[in-house]
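Shared chain: subunit A. Partners: subunit B in the first complex, subunit C in the second.
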Partner chain A sequence: MARIVCAKCNIPLEKSKVTISYLGNSFPVDLLKCPQCNLVFIPEDLALGKMLQVEKALEDK
Partner chain B sequence: MNNKQTESLCPHCFRKIPARIVPRGKKVYMEKTCPEHGSFRTILWRGEPAMNTWQRPKIPAPIHYPNTEVVKGCPYDCGICPEHRQHTCTALLEITLDCNIRCPVCFADGGRPGGDPSLDTIESWYQTLLDSGGPYNIQLSGGEPTLRDDLPDIITRGRRLGFDFIQVNTNGIRFYEEPNFLKSSIDAGLASLFLQFDGMTGDVYEKLRGADYLKIKLGLIELCAEMDLGVILVPTVVPGVNDHQLGDIIAFALKNMPTIRGVHFQPISYFGRYPSAPADSMRITLPEVMQKIENQTGGEIKTTNFAPPGCENSLCSFHGNFVLMPSDKLVPLTKRDAAACSCQEAQPAEEGAAAARRFVAQNWRRRSCCCGNETAGESKVSDSLDIFLERIKTHKFCLSAMAFQDVWNINLERLRDCCIHVVSPEGRRIPFCAYNLTNREGVPLYRV
Partner chain C sequence: MDQKQLRELEAKCIQEEPPECTAACPVHVDVKGFIKALRDDNLSTAFNILAKATVFPRIIGHICHHPCENHCKRREVEAPISIHELERYCVKNAVSKKRSLRIKRSTTKVAVVGAGLCGLSAAVELTRKGYLVTLIEARAKLGGRLLSLPADILPRAILQEELEIISTLDIDVLYNRRIGSLQEIKEIKNDYAAVFIACNGVAAEAPSTQNPTTLATSLEGVFARDPRIAAGSFIDFVAQGKKAALSMERYIQKVSQEAGREREGPFATRLYTNTAGLEPIPAVKPQDKQGGYTREEARKEAERCLLCECLECVKACEYLRAFGSYPKRYLREIYNNEAIVMGPRLANNLINSCSLCGLCKEVCPNGLDMGAVIKKAREGMVLRGKMPPSPHDFPLADMNFSNGPHFSLLKNAPGTENSRYLYFPGCQLCATMPPYVELSYDYLRRTFADVGLFLGCCGAPADWVGQRELFDQARGKILQGLRSFGNPTLILACSTCYDIFQAHYPELDIISLYEVYDQYGFPSDNLLQLKGEIAIHDACTARHANFQQQAIRGILKKLRLPYHELAFSKNKTTCCGFGGLMTFANQDVATAAIDRRIKESQHPYLVYCAMCKDRFSWRSKETYHVLDLIYGGIYQEDREKLNTTKNLGFSQKRENRARLKEKMLRDLWGEDMTISGLSYPYELEITAEAREKMEERLILKEDILKVIHHAETSGNKLLREDSGHFLAYYQPVSVTYWVEYTQKDNTFKIHNVYSHRMEIGEG
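== the complex of A and B ==
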């Protein structure tokens, strides 16, 4: 897999434990993060895939 | 909150009379006067969330397939008539009036052997539902529907005609005593049990059902777990009898997930002969049920986790959905603020009915995880999002309550929004509360 570099700091992102929160619920997941500025990279397939599914489930009316 | 005008019925003569919804402090009453039989006042709502905040406005559903014409006006033309405002979500078929227990509280005036509808008659009811916009979710009811030896055939015929969700409303005794009969019903396509389950101690059953049936209920739930059948627990909530056990019932349900899919509380309503009006102390209202759930679960479930319905009238029910995580943490999915807001735009009732049908059909049946083995399923998941999504499929927990109306508190505006329709012997669809309505002498408006 090609290295992904932080556009701001110009250093490679590293795999790290990140906590995603939505509507009061927290989900610890492993994502790529800039070790300097903490910018997190969320791949499109994750954002439009299971992350969206979880959001929809939590938006239950 | 100001007084609101609506229409009700005289508890003595069934005459349609004006009624006022009157707030007095944190309580809300219905007040009405029949020119011939006097004045009546009945409690409707006590405490928080306040009645005027419990709203979910809807655009009335157009009735595409009315079965009757408007002649005398609501509630005398049910069938349903063109002035009804909601489609069928669940259709109840009363397949027998015979029963094997004698409950002091019974909607259906059960315990009348003989005269059961034939299989062909029941098939004609299914056909009527198809001709009226179905298929809908089906609840086979009674009396006690399991007393019919041909119950599996009744289920088979419904499934063949395209009714995918068929549930049996039962006290559970025969299924417990005859596991093979339960198995045959499941093999025929039974999706779920709507199990009368009033409490966690024997005395509750002695008071409400005439004998201690607790062991039978517990044994049946074990059988359902073995046979992979979903169960909804249905407690009738009676003040001073079992309203202190709501938390215990919920704890038991959670412990027995995913076999138990949810709990559907039914605050007691009064059908049959009541020479004088039931005292307000004999009633428990929806906000009180919510408050007791919050108190009795130590705040794990909060009143803010419940919302008004998108299908029936807002004042008829509440519901809250949750996910039970592997850690036993209960994650609430429903938020009242999102659903209940007087400023929100009205949603089409027709869409609410379709959504409610889908929800029940998906979530009131047991859904095994993809591999048929929960622990093996979890070993495949890679992170907390996967675990959550997997648990949504298998461990969604549905808590709800529905307040049925009796002749003392019936609000015809609510009745017109009803989505639970009983199919009468002649094949008409009659809103549940109209079908079960009796005057204070016990004389029914519709039931034969």
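== the complex of A and C ==
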């Protein structure tokens, strides 16, 4: 994956813990994030892969 | 669904009923399993199946009089399967291993009088049940009548080998003891817990069988063979032996003799197997009549078997097929899904993938309507707050859009104060073929004068996904509007609207636009010139709307357009995958359903539902809506615009609706559409790949605009250093949309779009 920078703060994103949640369930995950403004990057393959699986599992719970 | 309803529904699905052959077989050999094993060349499995039904498979395999064959379904086509000949092949060729019969042990003693096939069978069965058996035989040998059969029918060696089981089982045999009188039977009974009279002589004079179900006689604890069984009916003797053994066990255990024995002997199965259209395949006769089938002959004959089952609905419905089972099982899964307290609801996807089209009910011999069951299940899920949001969010938002300010409209015809009729073209026709809405409205006004216009959505999406409350809201609004117009007659252009109005608005008068065309004629200035023949695809929501079906055919006749019927048509038509919002819950199955449908005929299809056209043409099937035939002439110069082989995309469909309202308001009433709300000052240039992803991922142009607007106004965007593309995200309601784009002046080029439902929180 190419380097991703925050266009607002003009600094590279860094790996960091971010909480994501769905239907009342939260999980900490490692994501790329702007250390200054907290803008997060969720790559396409994560959104349509693992994340989608978890969404479906939570919907069926 | 409660337990009782579940059981009633389950009873309608007869897929698990045994086939005719097995039901007619007195010992219920699993013929289907047996034949499957032969097809796989698996002789030992085949042999074990026979051994499960009779303790003397090798004897029966040679001499059974095969009553099953008279019932075999294949006889409706040409000749029954030669089940007996296949069994003979099996027992002759299977390597017969020493069978070890698992045996329980008890100290209770029972007696069997007569060591023919019937008595021997009873004796072995009783031993298996754990009793100490004494077998009393008049002659000095076991076998009775079997001994006098010609050796070419029952080879001596086979008989001897099979009879060895008696000595291995420690059955006590008293030879040379002829029991000639009732008195003797009574004496025997003094020493044994139960007695079975399996021989002819004494059975005839002795107490007659009182009860054919149990073989009990008037003598306490004494059972006797049914004297009416014909001498050659060998398999019946085996069945009698088994029956007596069971009765004796129940007698000894002092449990009900009769309970649960309805299907012990031959019975009428409830299984339905469709034999229509089957090609005859000649029965295979063994070349060597004496030696029986060769391996090849047996395989060929086994191939003829239908492996009888029902699956009528599964064969007809792509959805039922896709889940790999059949309604009896599905019902249980749906029931469990409802009953579960903790743990995953495994049937959610099953429940949300059905198109509710009702075809199953039409083809099921017992009229089981899975669609109705599933709709109830969806309503229950919504009520309990257990309906997953992802499958239905998008179409419900679309319905909301249609009933919102961008599209909904209710007006008297220009220059009139009253409406005897209201034209309700429906949201999907307006979305996909807006010019025809204007033309048909014009036609209706010329035909009836006082025809108002009513734009909106009938509420089908909410109805389909079980959102009763949402549906009732929409319904309430529609009713209120209609009432304020004095409840005019509704003219409907969509079969789904028709179906919904018929079911949920019984107080309204409704007619179909196509009936109007059929009865009053239609304008001929814009007819589309078509060459060749077309095939009619009836809308699934018009399955029972005969008059609509007829009106369409009437129109085609007036157009002198040659047409033909598809194999599944009228009440047996199939769904395009839009019904029940199947495509939003399960794109794969919905697509498979269309792909199967469009292959039924190589001719172009004629449809009368906007969604059928949209979906078939999306899969590149040349498809015409009946309105294309009447008004498509306006595209004579530019036939591309007919969109007969591609679909429009969700964004375009929304835009079309809003534009249509705007245009009609302006052209007919001279009014401007003023809607508060954002319009964005950005030009979009969407790449072909991104466009495809938008459709697949249900992302609208509007969603993209919102993301860009958010990014450009807040500055919140990322940059991929490799491609120089910006990446931005925004969550307008529940879904977060991601857009990858580049910018040149005011034009935003869209390279990629995706979304997720998980919400991004704090670090």
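Keep this in mind: the second predicted complex is superposed on the first by the 59 of 61 C-alpha atoms of A that agree within 3 Å, B and C clash if a C-alpha of one lies under 4 Å from a C-alpha of the other, contacts with A are read in each partner's own complex, and residues count from 1 in each chain.
To be clear about the criterion, a residue touches a chain if its C-beta (ideal position, glycine included) is under 8 Å from a C-beta of that chain, and two chains touch if they have at least 3 such contacts.
As the structure is a prediction and not an experimental result, all values here were calculated from the model.
When the two complexes are overlaid on their common chain A, residue A:13 makes contact with subunit C while staying clear of subunit B. In the superposed model, A:51 lies in contact with both subunit B and subunit C. Of the two partner chains placed around the shared chain by superposition, subunit C is the only one that A:37 touches, whereas subunit B remains out of contact.
Contacts of A:3 after superposition on the shared chain: subunit C is touched, whereas subunit B is not.
When both complexes are overlaid on chain A, the residue A:59 reaches subunit B and subunit C alike. Counting the residues of subunit A touched by each of subunit B and subunit C gives the higher count for C. Taken together, the two complexes place residues 20, 51, 54, 57, 59-61 of subunit A in contact with subunit B and also with subunit C. Residue ranges on subunit A touching subunit C, taken from their complex, read 2-8, 13, 16-22, 26, 33-34, 37-42, 44, 47-48, 51-52, 54-57, 59-61.
Residues 20, 23, 25, 27-30, 50-51, 53-54, 57-61 of subunit A are the ones touching subunit B in the complex.
The touching residues of subunit B, counted against subunit A in their complex, run 307, 310, 321, 323, 331, 333-335, 338-339, 383-386, 388-389, 392.
Those residues of subunit C that touch subunit A in the shared complex are 344-346, 348-349, 388-390, 715-723, 726-727, 729, 736, 738, 752, 754-763.
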